[in-house]
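Before anything else, here is the set of structures, which you'll find just below.
Note that chain A is present in both complexes that follow, paired respectively with chain B and with chain C.
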Partner chain A sequence: MKKQFIPFAYLSPTLFLIAVLSFIPIATVFYYSLMDNVIITRTDPTFVGLSNYIEILSDDKFLQALRNTLFLAIVSVIGHFLLGLSFAMLLNAKTLNPITKAIFRVIYILPWVFTASIIAILWRLLLNPNGAVNYLMSISRLADSPTEWLSSRDLALNTVTFINIWAGYPFYMVSFLAGLQGIPNDLYEAGKVDGASGVQLFRFVTLPQLKPIIISLGMLDFIWTTHQFTLIWMTTGGGPIRATEMLSTFTYKLAFSSNEFSLASTTAMVILALSLFVAIFYVRNQRLSSE
Partner chain B sequence: MTSRLGTIHLTKILLYVGLVAGALFAGLPVLWMVASSFKSNTEIFAYPPQLIDDSFSFAAYSAVLTNPQQQRFFFNSYLVSFVVTLFTLITGILAGYAFSRYDFKFKSTLNLIIIGVQSVPPITLMIPYFGLIVSLQLYNSYWALILTYMVFTLPYAIIMMTGYFNTLPRDLDEAVMIDGGSSFIILWRILVPISLPGIVSVGVYTFMLAWNEFLFALTLTRTNDMRTVPVGIQLLMGQHSFEWNQMMAMSVLGSLPVLILFLLFQRYFIAGMSAGSIKG
Partner chain C sequence: MRKYAVVLLMTLALLIAVGGAVLAQDVTLEFQQWWEPELPEGAFRALMDEFEAQNPGITVELISGPYSTTRDQIVAGAATGTMADVVGLDGAWVNDFVQQGSLADLSALMSAAMFDDSELAAQIQLNGSTYMIPVVNFVYPVFVNLDLMEAAGIEAAPMTRAEFADAAAQLTDTANNVYGWVLPLSLEQPNGIQNDVMSWVWASGGSMMADGLPNLVDNEDVSSAIEFIKGLYDAGVIAPGAFTMREQDKVEEFTNGRVGMMVDSLAHINLIRERNPELNFAITALPATEGYDGPRGLPYASWGIGVAENSEHQEEAWKLVEFLMSADINTQLSSIANAFPGNVNSTPDFVETDELFAAAFEVFQTGYLANEFTGLPVAENLMREFDEEFQLYLDGDSSLEDFLANAQEAWMSHFE
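Up next is the complex of A and B:
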């Protein structure tokens, strides 16, 4: 009896915090999503069932935010993967001496040291119509007139996606570096004996060996990117005219600009459902690979 | 033989071209941030742009460092991050000990919940947190941030601490147990002192997560004297003009704590980043 009690004594602060910071809030947000007339401080709600969900799912603005979020997440995952793997392969080259490798490794990790709001401000400086990127475009004759990277409806979503890719690849790179070092050299030797080319070694040894890392990174990154708020908020604020509106910024505006707490809770539940859906696959995948 | 030497040279050249291109891609924006922080605000968009120009000075830094409002942002960020780190370590060590050394009912369920909490979107929690913090009368206070930050620092800390304790042999515990020591003495006198490297790594990573937080700080504080660095930096975007050089100086200053911690504890950071992805 006493033995059973001891671990829970150690866990009590954690259990309390998880209840207060996670269980109760999620229950609350679910409750709000089924109500109308929710005002945070003076609650006088009426039960409306699923009508908030019907309203949100037939709202074009919401659907655009959902499309933008999926675009950002999917393109970012692909971009992070390509850059992260390329940089990891460069750093893993056998001819590189350790000091050169260490220096380049620190430079490549740099974007990861900066927080999203600082990254947003930095890129606003670089991508300013009179900024350094447009200068490089004009001297290399890629563009005649200054490009409005963040305030053009056609470009803004691609631009914020690019910034997000720049900011996030180092995590992949570091994980792939560890993964590459774990691949047994015998596999490459055996491949070479069989006359495999460099491309074939990459295709049939490197990629399959990295597959578990690739899958888990991709899913985690997808979840994290669908949560991205700061970068969007500080670069475009979701604009111009909703061109970069994400589920997170859409929800934030509903709640804290329009005071539509019940609708905001509904979109918040949709984001949660999207994340948990991917998280279930993630956990199942981890279980399978650890068995 | 010569053609073989040729290909070796060619791959080496290609390798270095790739390495340098990558370094420019990653490093140039950062270099530009530092360079711009030394310019005067009128020279920020000078044509053609120069890395270092005649206006080179530390004026932007002294402007940021002597402004009481900016000083307050830094003070707030340090205070909140330190307290969050402290509370997270205490809670995380206790929970990690239970997970590592005991078998109990619902252990795997609880473990799954802790992993699951990491995938809950902050924006989903934001709406109920707002109501919770207002009703606890903590709105626009340090406690509002300290309490809510624990939701994303604690799961990492527990997972990392459990992993660290698992690497320590149980013989140690048993030796103390035979001498009549209680389970708390085992933790406090034996496990905590030898886990110091693990505790430092969890602490460093927690500090970084708290230092970088934006959404909760934006929503749960209102007045400028409560803002943290990531939120406060916005205030330099004035109504009439952007103080670009000061924003860049503040970005450099605001990134220094994380950069220094990162350079000192590189391995630990990477372990922290991977904790979420490897364990499950």
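Up next is the complex of A and C:
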């Protein structure tokens, strides 16, 4: 009997940490999502069942935030992949000497060094109607009047997505570079012997070899991007007119501006469900690749 | 036996001495605010030292941080019942804290201390009780770039809306990237609605409220101000980027000479001077509607003060409030903060030594402090909801009637 508990005793510190850092906060937020009048009211919380979920899921503002978040996440993942892979292949090229490679490696990785706040401030300055980008467009006769990159409803979502892609591609680049360096040269040589072109080598050797990294990074990046808050908040605040409203900014406003902590907890649970959905695929993929 | 009696007496004497010392121990007041970092180093602590010297047995522990951090910490303290004894407050927070029962009733504390409140310039009340007292006030007059005005051939600062619109049009020179006015409507910091939009309503003696409830629909005061701003927007005299512009961006535009006029806090005068010593600017009152000759409402933001309901030292906390509101100390504080005093008998030093502040003080004295968002529930959210509808209206996706009706509906949901 005693022996049966020994494994649990060994596991207990980890189980305790998981409970305190993960299970209890999630359970508390789930509890709040089923209640009304929580956290900062003098009246007792009341059980309202799923009505918060019905209210949130039928709210046009929430649905717009959901659409914007999916757009940001999907386009960012694609952008990160294309930029990351391109730069990784450039850095992996055998024609470049090691010093040139080192210099470009530093340049390409720079965006990843900055925190989200710095990135937001930097791009606000660059994209300001009086900023450097508009100045360059003006002197090169590309535009007659200043472009409102972040203040125009038509441009804002694309602009913040671009900034997010710029900020995140180096992580892909570094990962892909490690992956590329791990591909055995024999495979390329065998391909060449078979008469494969450069494009065919890329399609039938490079991409299949990088597939586990591509899938893992894509899924993780999708989850991380759905949680993006600082960059959006500090560049547009979710505006103009909800054009860049994300689930994260929508939740923040509900909690700390409207004091609607129950509804904020409900949106947090929806974000959790969305992340879990992707996380399940991620775990399944990891399990399959390890088998 | 006598020996035991002496020991007993000595023990008793010791117990009384220790007990007395315990009873007379110091009270430590926690004072959480964002003011100390915004004042010259050591200046606010010096005032606290003066308070401690006047009130032996009371020690003040300052808990200082930036505005937003302080707000978050006070919100957390209110939720958990661990708020500091004395807290710095923004008028926009008061209603929410009162609903939570986090703030003490200052009216009761004033009565208990037999305090004469006639010296207070303002009190923020809810349900007939005071919960916040503005210690110093930062008013928002109009800043005018005199060099741009002269270059545009404008001789006097505009005093009416029509004059302002004309001046803004004359100042605008898109070829040189100069605009007449600047309007920050960022949804991250929606206080532009209070300072730069509703201020036009208050400057003409108008109101956005009626009987304590929002009154945006069929309200000529509000609709005329909104239409006026829409006219400026459509005329292209407002600096580009308004929809995501924040207050600091607005000040930057003015400081760099790219904007002729802006509504802004007096707190920024020294900042503008430091950033651009060459800038030649003046202060004037916010223009009113044609024919209006009544007192002009002047938007303001305050460093307000309140006492926590959970404080075990409310009597001592009130002494600190009373100290800060006394004429002499309030003069000192408003002088170092470049703000206008919360005590009607205080006159800050800078009024006599600085002509810009003197002009602003005159505007302040001839008008009245107006900020109808103070004390309203979820005030910041009200501004944000109005802001979203206002942006739709400015962008041409909503009519004036729909905009005001939608904003009214959104606001009313917080008053039910």
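FYI, the second predicted complex is superposed on the first by the 270 of 291 C-alpha atoms of A that agree within 3 Å, B and C clash if a C-alpha of one lies under 4 Å from a C-alpha of the other, contacts with A are read in each partner's own complex, and residues count from 1 in each chain.
FYI, a contact is a pair of C-beta atoms (placed from the backbone, for glycine too) under 8 Å apart; a residue touches a chain by one contact, two chains touch by 3 or more.
Worth saying up front: this structure is predicted, and the values here are computed from it rather than measured.
By the touch criterion stated above, A:Asn130 is placed in contact with chain B and with chain C alike. Contacts of A:Asn259 after superposition: chain C is touched, whereas chain B is not reached.
With both complexes placed on chain A, chain A has more residues touched by B than by the other of chain B and chain C. Of the two partner chains, chain B is the only one that A:Thr95 touches; chain C does not reach it.
After overlaying the two complexes on the shared chain, residue contacts for A:Ile241 are found with chain C alone; chain B is out of touch. Contacts of A:Gly195 after superposition on the shared chain: neither chain B nor chain C is touched.
Contacts of A:Glu148 after superposition: chain C is touched, whereas chain B is not reached. In the superposition on chain A, A:Leu220 makes contact with chain B only, not with chain C.
Looking at chain A, you'll find residues 40-41, 128, 130, 233-234, 256 touch chain B in one structure and chain C in the other.
Those residues of chain A lying in contact with chain B across their complex are 4, 6-8, 10-11, 13-14, 17-18, 20-22, 24-26, 28-29, 32, 40-41, 86-87, 90, 93, 95-96, 100, 104, 106-111, 113-118, 121-123, 125-126, 128, 130-132, 135, 139, 166, 171, 174-175, 178, 216-217, 220, 223, 226-227, 229-230, 233-234, 247-248, 251-252, 255-256, 261, 264-265, 268-269, 271-272, 275-276, 278-279, 282-283, 286-287, 290.
Those residues of chain B that touch chain A in the shared complex are 11-12, 15, 18-19, 22-23, 25-27, 29-30, 32-33, 36, 44-45, 47-49, 90-91, 94-95, 97-98, 102, 104-105, 110, 112-117, 119-132, 134-135, 147-148, 150-151, 154, 158, 183, 211-212, 214-215, 218-219, 230-231, 233-234, 244, 247-248, 251, 254-255, 258-259, 262-263, 270, 273-274, 276-277, 279-280. Across the complex, chain A is touched by residues 72, 75, 78-79, 96, 99-101, 174, 177, 185-189, 239-245, 249, 253, 256, 258, 378, 380-381, 384, 387-388, 391-392, 395, 397, 414 of chain C. Per the touch definition, chain A reaches chain C in the complex via residues 39-42, 128-130, 145-146, 148, 150-153, 156, 233-242, 253, 256-259.
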